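Consider the two complexes below, in which subunit A is the common component and subunit B and subunit C are the respective partners.
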Partner chain A sequence: MPPADTSLAANAPSGAEGARRAPLPSPTAAPPPTPDPPLLLFEQVSKWYGTVLALNQVTLELTGGITGLVGANGAGKSTLLRMANGQLKPTLGRVTIRGLDAWDWRARRRVGYCPDLDAFYEDLSGRQFVWTLARLCGYTRAEATERTERVLERVGMRERANRTLRGYSKGMRQRIKLAQALLHDPELLILDEPLSGIDPIGRQELLELFQQLASQGKCLLISSHELEALEKLTNHVAIMARGRIAAVGTLRQIRDLLEDYPLSVRIDVDQPRELARAVLALAEVQAVSLASGDTPGLVVQARHPKRFFQAFGRLVVEQHVEVHRVEPLDESAHAILGYLLGGSGRT
Partner chain B sequence: MTNQPPNTDTMPAQTDTLLRYRPWRGTPHGPLFATLAMARVSLRLLLRRRLMWGLFALGLLVFFFFFYAQYLMVWIETQLRTETVRFAGVPVTIDNLTRFLKRLALDGSVHTFGNFIWFQGYVLVIALALAGSVLVGNDFYYGSLPFYLAKPIGRWHYILGKCLAIGGLMTLLVTFPAILLWIEAGLLYDWKSYYFDNFDLLVGIVGYSLVLLVTLSLLVVATAVWLRRTVPLVLVWMGVFVYPQLLSTLLVDGLNFPDEWRLIDLWNNLYLCGLWCLQADPATIRPPGQPEFWQAGLVVAGVCAASLLYLRRRVQAVEIVT
Partner chain C sequence: MLPTHPQSVSRACDPSPVIGFAVLMAHSFQRHWRVRQMGWVAFGLLGLVVTVVAVVTASRAGWDLPDRRVSRTRITYREYAEQLLPSERYFVRDYHDDISTNLAPQAPWERPAPLTPTRDAIQNLLLTIPYVVLQSEPFLRGWGYMLFSKWIMLRVYLGFVLPLFTLAYASAAIGAEREARSLIWLMTRPLPRWAIYLAKFLGTLPWCLAFGLGGFAALCLSGGEYGRWALAMYWPAAVAATIAFSAVFHLVGAVFSRPIVVGVVYVFFFEFLVALLPGSLKLLSLTFYARSLMYNAAAAAGYPVSRLDVAEPVSSATAWAVLGAATVGLTLVGMWLFARSEYRDDV
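This part shows the complex of A and B:
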């Protein structure tokens, strides 16, 4: 898993505001090193389609690692991705890539985009298609050929690249789309449903590729409905609902912020009734029930998970309880989405 | 989110290793270079259509007709000037026999090239009416535009690339054959004096082609962005080039309306602009009773400006909404 250290930057004050507060440097002092602008920055971005508000004052900053973008249909994920890639212009606010307006073509030198559409020129072969897009990136003929072969090999399409796109399966189309996004070695990869239609073995290969890219300093923003696959890839997500970023951070961080929903924890022990009695005395615990199934244990519902685990740890040490297993039951992306979006959390 | 990537200034680009790129120290070319790539792939897509090859064959027929007819005229005038030939048993003078060919002015003069481009232009207009959807319309209709615009090019570079593709098609169909006719004419007459004396014709051919290129490419891209599909495009194309021509002929030649009514015929206006480039004498233009060159130029400029304004409006708003 790539590092996904995260301070929640959604709705954070803008860099410009910070700059205004900075003291003036003295004339003799060496100028402080200027930090790089964020790789991707949304500043109070709103987008209307006619009377429909697709994005509502979104502020988001990405600098590296893998970020999953999840949300229900119509939540604004694709709009956000297209804005990040300069395909859409915000109605209000600003989207920048390393300080350049995302709408500017120069910004797209740093961005690779794999759209969810697969409307290709069906008469071209996969190789010709990728090669043409390499030329659009500004590479010479030789360099375009070289890069085309390398990315085709990387996505496992080198042997099949001479077939026309018309004859490709859904999975092969996904790989070709991914290949063209990798051509110019972008800092930021924006992938819209990249795993859709890919078989399990291919999916594993692509997940490994994404992890390798992230571990080497690339920033990946991946929109997907496949939460299980996304959880294998990263635990760092941005959750969208009704055009807003509902939450951003690791799943654990987001879960901790959901104080209205007590955390359910299953604890497997030999004497669950005795432990239940002791656990109920803890202030953070709301309810306890005996777990069903072959293994004896109990399910605890606790507020303030961090404080609960500290108190539970002390309890275990003081009472010499032999705990076989502790498992949070609703820390998955599904459960968190369910809490945030209402309903089952299905996307 | 602030998970900081490693400092890439001091580290090799490790993704290169991952993707097994060989080290490349070059700088990618700018978007103008990319427009050439776009023009190439657009032309390649166009030439995959059999219909296009059929139209090329038709264009080739027109070219060969002018090519051999020009040769024939010279041969007849030098070999059979004073003779008569028997046609269906009737003696016919050479002047009568070549009357039709003389109407085409197949003598390496201004009107040779004006007429050639006029006729070849019909093939070109048909080709462009059919090419509009392949070149531009499909990008909008099927949603393949994100692949282009996700690369480091701007919206205007996309338009320029498509116009260049149309320019390539036009060069193949019109400019290049017209230049071949000019070379042939020089070889048929005294080549030293012809090439030197008529160099301005070569410049005029290029100028005429440029007028066609700018006007037609802007018009094709604008109509294709607007209509996207082949059938509506062909209908609008006919509305621009066929019906106004019939109407203007009817009004001016049939009902004796003022000559300015010919200005509704865009193809005639382009022809007049081309003849201005070729420095033709207005009195020699057929059919007689034509508007002034500047009037035709004004209409053509107006069409270009309207197309550009429309494209500007659309390009600024090109947002990939699916």
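This part shows the complex of A and C:
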């Protein structure tokens, strides 16, 4: 899985991922080349719709890999994606694509956008639709034809693209939307709910395609309600709540920052009662209970997961405990989202 | 499993915004071949008006004066003028038989005065004038042509046929895309927003001209000889008005989410009524300048233009300048507004 190269949101919990530190320049050496501006940069961006605050001082930087964007309905995900694509202007702050204002039409050369809406030119075939959009990008007929065939093959629609769009299933329409986003070979792909309505096999194919694209150096920003699918694709997420980015980083990093919510860890051992006594003595452990089920074990609730695992490791070595399995129970995106959003984690 | 493509699509051929612009023009033209609901309304009204004009033209009276009936009587102007000749006036009539003999009642000043020869001579001379006038071919042709011009060209064509056709087509250039929520496919192409607005306008303009001038031709050709004169004399004004109205309604389609409602209100309360008002308010209506062009064309050809009821017409140069400036100005305003507007129709 390609790692996402993403720096922190300013309003996210600190420490999820360290800022890259540039080496000190040598006094005799030639000045280092200016690094490329970030692929996507939100700088203190706020957006009002009338009196409704949709985005609240969001700062976000993406430079590569796959980033999942999750959050409840109305959290501001679509607004953020549409700003990244230059469809909306920030009320305050700035959104840039490689240093160019996202509103600038030239920035759209670097961005492919797969919207959530399900509206097409229904009388066209899938192939005609993609070809038309390729031509509208400014390609010659030959180039547009070549690119159309490539992207249709890439999304697995080459053999089925001659039917009119109105006869397509939801999954086929999603693939066509994805195909048009890939036409101009963008560096940044913004995908709004790309897995919605796609069957499990198609979903797996698209997940593989996303991973291929990321491995080719593309940056993907994917909004999805399908947390399980997102977890398969990337463990790097940006979590939005009430117009803010509540957290950004890997799921583990975000989980570690949630000190108010003790981590639940299931530990399978042969003598759980003895281990429970020893574990309770650790400072990080808040509660211990015996695990239910056929396999003997216990469930530990611990704060400061990193320190807990270090202490637990020492304990295991010192007391020669035979541990069969250690499994964090609430490191999933669902659980983390639930903690962050104060609910069940449903998006 | 999806086919793998280790090489991304070539970046060798950068898209050209000029090609994109030209393709968008052609795309806009192609998408407008279908007549939408408002187009059918305009067609229906045009069909009705053409039928009425054809019936009037084919009738015995036609657009000419001699065979038209005098108000509130059953006799024609020709009959009335003949009735005023001395031979008719001295005819002893039974006033109770006026209806059965198809004669108008004789007014006191029409009655013969044989006992006062001087008065009778002057009376005969004056009352012969209508008959003499009705024998004048230039007068009759001018009268009929001005009647046709006033009602069919100025009132019917400029009043609502042309505005409705241009409203139906020009407002749909962007309005239909917004309604179908397909504007996003254009807005995500690497094209300047102002270019999208301009290309949509230029792509739709041929349809506006085709239907606007087609309606003009249909009305003219149904009007017989006078219609053919009107077609030859007024077509420049029709072209100028069609382009100017197209610019107005293209802007309306881009600015308002319900352009048809706004357009119909504009047509009937502004272009139709305000253009007829005396005073300076009419200078704000485009119809007034098109009427002035028609008025000046008819005046230059020596027709009795006072019958056209155009209050204080401007010179042709002024009318051309205003219609041209309005077209260019409104298009520039539209490009400026469109380049700054956010479209959230898909939200």
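Things to note:
FYI, the second predicted complex is superposed on the first by the 320 of 347 C-alpha atoms of A that agree within 3 Å, B and C clash if a C-alpha of one lies under 4 Å from a C-alpha of the other, contacts with A are read in each partner's own complex, and residues count from 1 in each chain.
Here is the rule we use: a residue touches a chain if its C-beta (ideal position, glycine included) is under 8 Å from a C-beta of that chain, and two chains touch if they have at least 3 such contacts.
The structure displayed is predicted, hence computed values, not measured ones.
Applying the stated clash criterion after superposition on subunit A shows that subunit B and subunit C collide. By the touch criterion stated above, A:E205 is placed in contact with subunit C alone, subunit B being left untouched. Contact with subunit C, but none with subunit B, is seen for A:G156 once the two complexes are overlaid on the shared chain.
Partner contacting the larger number of subunit A residues, of subunit B and subunit C: B. Within the superposed three-chain model, A:Y121 lies in touch with subunit B and with subunit C [touch as defined at top].
After overlaying the two complexes on the shared chain, residue contacts for A:G65 are found with subunit B alone; subunit C is out of touch. When the two structures are aligned on the shared chain, A:T148 is found in touch with neither subunit B nor subunit C. Of the two partner chains placed by superposition, A:Q301 touches none, neither subunit B nor subunit C. In the superposition on chain A, contact is made by A:V248 with subunit B only, not with subunit C.
Shared contact residues of subunit A with subunit B and subunit C: 78, 82, 85, 87-89, 105-106, 108-109, 111, 113, 115, 117, 119-121, 132-133, 135-140, 143, 147, 150-151, 153-154, 180, 182, 184-185, 212, 216, 218.
Remark: subunit B residues 1-6, 8, 11, 13-16, 18-22, 24, 26, 28-31, 33-34, 37-38, 40-41, 45, 48, 138, 142-144, 146-154, 157, 319-322 touch subunit A in the complex.
Contact residues of subunit A toward subunit C in the complex are 78, 82, 85, 87-89, 105-106, 108-109, 111, 113, 115-117, 119-121, 132-133, 135-140, 143, 147, 150-151, 153-156, 180, 182-185, 205, 208-209, 212, 216, 218.
Residues of subunit A that touch subunit B in their complex: 3-9, 39, 49, 60-65, 67, 78, 82, 85-89, 104-106, 108-109, 111-113, 115, 117, 119-121, 123-124, 128, 132-133, 135-140, 143, 146-147, 150-151, 153-154, 180-182, 184-185, 212-213, 216-219, 236, 248-249. Interface residues of subunit C, counted against subunit A in their complex, comprise 1-6, 8-11, 13, 15-20, 23-24, 27, 31, 180-182, 184-193, 342-344, 346-347.
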